[in-house]
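Listed after this line are the structures, all set down as structure tokens.
Both of the next two complexes hold chain A, though its partner changes from chain B to chain C.
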Partner chain A sequence: MSEPWMIAGAWLATGLTIALFSFLYKDNPFFKIAEHLYLGAGMGWLFQVSVFSVWGPKIWTPISNGDLMVLVPSILGLSLMTQFIPKISWISRYGFTFLMGYGAGLAIPASLATDFMNQIMGTLQPLAGVSSMTPLAIVNSLIVAVGLVCVLFYFFFSVEHQGHFKKVSNIGVYFLMIYFGASFGNTVMARFSLLYGRFDDLYTFSGGNYFYATQIILAGMVVYFIVHELLRKKEASEGEAAQ
Partner chain B sequence: MKETLQKFFKIDRRWIFLLLTLALFIPVMKPLGLPNKSIAQETERVYKAIDALPPGSFLMLSLDYDPSTKPELHPMATALVRHAFKKNLRVGVVTYVSGSTGLIEEIFSKVSKEYNKVDGVDYVVFPYMPNVVAALTQMASNMYGIYTVDRNGRDVSTMPVLNGIKNYKNMAMVVCVTGTGIMDSWVALVGDKFNVPVAGGVTAISQPGYGPYLQTGQLKGLLGGMKGAAEYEVLLGQPGKGTSGIDALNLGNLLVLVLILTSNIILLVVKFL
Partner chain C sequence: MTKNKALHLAVLFLFTAGSAFAAKPAAVKKAPAQPAAAITGFAAADMPYDVGGAALLRWPVGHAETPDTVYTVFASTVENGGWVKADEFKAAGNSGKSVDLPFWAWDGSSSEHALKVDLNAAFGELPAGTVVHFKVESSVNGVVTAASEPVSAEPKGNWFRLDRLNNVVLFVVLVGVFFWAVSHAKRKGLFIRRIAGLDAIDEAIGRATEMGKPIYYTTGNQPISYIGTIASTFILGEVSKKVAQYDSMIQVPHYDPVVMTVCKEVVKQSYLEAGRPDSYRDDSNFFVSQDQFSFAASVDGLIAREKPAAVFFMGYFSAEALLLAEVGAANGAIQIAGTDAEGQLPFFFTACDYTLIGEELYAAGAYLSKEPMLLSALKVQDFGKLVVMLAVLFGTVIVMLGAKFHWDTLVNVVVNVFKAY
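Here is the complex of A and B:
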């Protein structure tokens, strides 16, 4: 990409980043513009990718080469669009029926094997090989097994959680809390990583080779907020004087 | 004193935003060089699994992330490609996220030059494909049933990089780097079904959810967030964006810790004094 386009891209990226961050101070028109642009650009990108990477090579090219079999899935896909025309919306059922049958056929066996059978085996298998395990590995396997049973019991509602049952259920709650805590900690770290990424770009674009995009846009934004605040105060005082 | 302390809880949250901005921006301007000493076992397992592959093996990378998760996942993907090229592995790249194509291009335009790797000979980047489940299912029998051309429209059937590669049986390993749930499909439809080693790289948010797959060995290893990327860069001996982000993460986490501790101490003081 040529340099002028890179610089223009840097200014656009910086402007949009600062406009979106400006919401942390307060709602403003720059934030609204950036928000709508994000949605529009995302949809536009998805549309062009669908046209050039899916419709072109998967439908148009085969039909042009005489492969009419692709018309079958294409018509089934198009049938979903009839949802928008109430009179013929029944046609969409054929497309949905195919999607549901195909999706369920693929997902159910795979989920049963991966998330159910393999997970049960993964919990029980380590306990079967205790004789060859290190003490730490045994403790680890026991924690996993106890945690699984207690958490499952917490979600078993056909027995009243009283007495010993309540203790088991409470242990399950502690396991869940540890998971949620770990999850939340990781979420915070992930958000910081994303923020770091934007700051890294802002710092890169603050250089002379990008004509100080960050500083200029940031200064412009600050001036806007100051002017806006002064005008608001002036209007408020004029309003009070009029009363 | 109580009233003074209680003011802390009414502090304008924008001051916290400002503090956080400083904590994250200062290391960007002036890296502190804080060490990244602990390497997670899961990261090491990914590194060792790739390192153990003989030269010429085919490594399939599924790079499924867009700019929204770039800071965490892009350094990971870059480090993985570097490792593969360093080990002279053949690399195939697929993607099921439409926004990832530009990021993949960025990696290969840079890293392939570092290792003198040629497009079509040492690596191939397939075009974006919608419907990951359909694509993964089709690739089990014959990948050319779904991928006939690369991302530049060139016929892939004659490419040297794909010599002898028809389906999962011919692939040494799959690594999925994603900010979505696509790795679940790789584990269920490829790893478990065809015994292909599957490893992954995910955002820190998703990382705890993949613990069960790691424990059962359904995932051979996992890189989690920017920390995972930094660890992989350390193992590879090539510091990159992941390593430089560790400074900011450390300071940011420290700030959160200080705020939580301070507010809890103040709360206790207010309650019991």
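Here is the complex of A and C:
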């Protein structure tokens, strides 16, 4: 026999899981309860993360140890909050300016390296060994080069995609679709593993040691939906009769 | 008698010879490792163009080097002793050309050895100003054949990375193109091709107006500093301007409070520009949650209850993309999505009527607003793409021909110019 708090936890987990899944049928009070609970719990969780993982170790502890330098980023961060007070909202510009400047300084060199140089180099580098490559490897490298140029051309906005340009652009779209198809399959498989996790829990909590939580909650919800639907139909027919 | 003496002598000779042969290898093994020669010209210096924590060692290729010669480099942070093995390599596998620096920043030759020693790996992070001592030994089959005198160097970070000169040149060119484009856009305007998905915006807003239902617009889950979110706010501005003109209603649930603040101003400004400030509602932008799935659950609930006629998903989305788009589709809304999260694009394709792919999201903001700055930024991106396309096209031909006909210098130049260091 499981501990009482384990049984309570199992009933809560099962109830919330089935309540959220019930949205697949239609919007209903069980889903609304789960939705609002999830919303509140999510915000509560984020609040404690901000307090215990950011404010505590990154601001309070250093200041307590005499490291006053952390006040500078803290004040810049706090300046963003002045957005909510119109009279002093101009102060937030300092924070935003720092954020944008810092972000741009960090991102531009990295983007130049990754979006330009690495793309070109990654395409050309294999071809530097063409004299020792197999014909298939050469074809593979050339497909990569053609794919890169065509896909890039699809995102080239300075010319209208007509005539030969449209053909190049269409080849780019085919490359994109192949990529998206592979990506779709990959992600769907990952999502299925999450679904199996929930089903596994529902199966576990359907046992006698959890007092058949899954079956009872599921049956309760089904009964509710049937009764609700019958009442709704009755009300509708009474309304029609009254008219 | 003579025969016996001869036999004794023969046995003695064989025994002595056998002992001598048996003792020979042991005698070699036990011989003290006497360096046959000194390694001259061994020099240490700070590794150029790095953040510190590394040293560069150089010395000439020895005349007595064989393919089996192995060099062992030792380093120490104290004046005497304390040697730690920092690296070991076969002589044949290293030369001055092995250093990973481009031709404009490094002039290594095959007549020398050059080695970058990562001191952080050997000693952990060294305090600034630490002087490190080095020595090198060559050996063949475990026998030390030569050794150098200790030399020292002080590793330090460098202000300028000459190896990234190609990046700087590209950056300067792009900035130049940007300023030209801004000037051109302000004077004559800049052409941008039609983006198919955007034509549907009018259709979606018109449908919502006819049906008397709201329009939902989400800006994704990234902060305002993210380029996709910025593009989304520009599109929101144009969408809400049309909403104001049609006297329809827009609802913008938010994941990020700062984005919400910006979007409030954007929507307000759009209503002003449309000449309908009285229709603006301050609660059209509202915060939901900064937790990914509770945000998705809540917005799903809102969509299911209010049944909007049109839903826009513009910005960066993660796993909540399909959760949101599926509910919108199930409720019969026209859905237009635009995201640069390539992993989520397939889900938007399946659940939305129109999808802006990747950079089309950025282009959409410029296309709709005709803002010179945005148009210029788009032109710079186009210029960058043109550079990449031409570099790949011509680079492929040059590199393949160079590799085939052994034009090593030309291949090396192309490979160096387009390498990100």
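The criterion applied here is as follows: the second predicted complex is superposed on the first by the 223 of 243 C-alpha atoms of A that agree within 3 Å, B and C clash if a C-alpha of one lies under 4 Å from a C-alpha of the other, contacts with A are read in each partner's own complex, and residues count from 1 in each chain.
Convention: a residue touches a chain if its C-beta (ideal position, glycine included) is under 8 Å from a C-beta of that chain, and two chains touch if they have at least 3 such contacts.
Since this is a predicted model, take the numbers as computed values, not measurements.
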item: Which of chain B and chain C A:D200 touches, first, second, both or neither; value: first
item: First, second, both or neither for A:N118, with chain B first and chain C second; value: both
item: Touched partner set for A:Y25, first chain B, second chain C, both or neither; value: first
item: Contacts of A:P57 with chain B and chain C, given as first, second, both or neither; value: first
item: First (chain B), second (chain C), both or neither touched by A:F84; value: second
item: Which superposed partner A:L99 touches (first chain B, second chain C, both, neither); value: second
item: Touched partner set for A:V72, first chain B, second chain C, both or neither; value: neither
item: A:V139 touches, of chain B and chain C: first, second, both or neither?; value: neither
item: Per-residue touch tally on chain A - higher for chain B or for chain C; value: C
item: First (chain B), second (chain C), both or neither touched by A:V227; value: neither
item: Set intersection of chain A contacts, chain C complex versus chain B complex; value: 42, 45-46, 103, 113-115, 118-119, 121, 179, 183, 187
item: Of chain A, residues touching chain C in the complex; value: 20, 23, 26-27, 31-32, 34-35, 38-39, 41-43, 45-46, 80, 83-84, 96, 99-100, 103, 108-109, 112-121, 123-125, 127-131, 142, 145, 148-149, 152-153, 155-161, 176, 179-181, 183-184, 187, 191
item: Chain A-touching residues of chain B, taken from the complex the two chains share; value: 14, 17, 20-21, 24-25, 28-29, 68-72, 98-99, 101, 127-130, 133, 137, 148-149, 184, 187-189, 192-193, 203-205, 207-209, 212, 215-218, 224-227, 241, 244-245, 248-249, 252-253, 256
item: Chain A partner contacts - residues on chain C that touch it in the complex; value: 164, 166-167, 170-171, 190-195, 224-225, 258, 261, 288-291, 293-295, 297-298, 300-301, 304-305, 319, 342-343, 345-347, 349-350, 357-360, 363, 367, 378-379, 382, 384-389, 391-393, 395-396, 399-400, 402-404, 406, 411, 414-415, 418-420
item: Complex contact set, residues of chain A against chain B; value: 24-25, 42, 45-46, 49-50, 53-54, 57, 103, 106-107, 110-111, 113-115, 118-119, 121-122, 144, 179, 182-183, 186-190, 192-200, 203
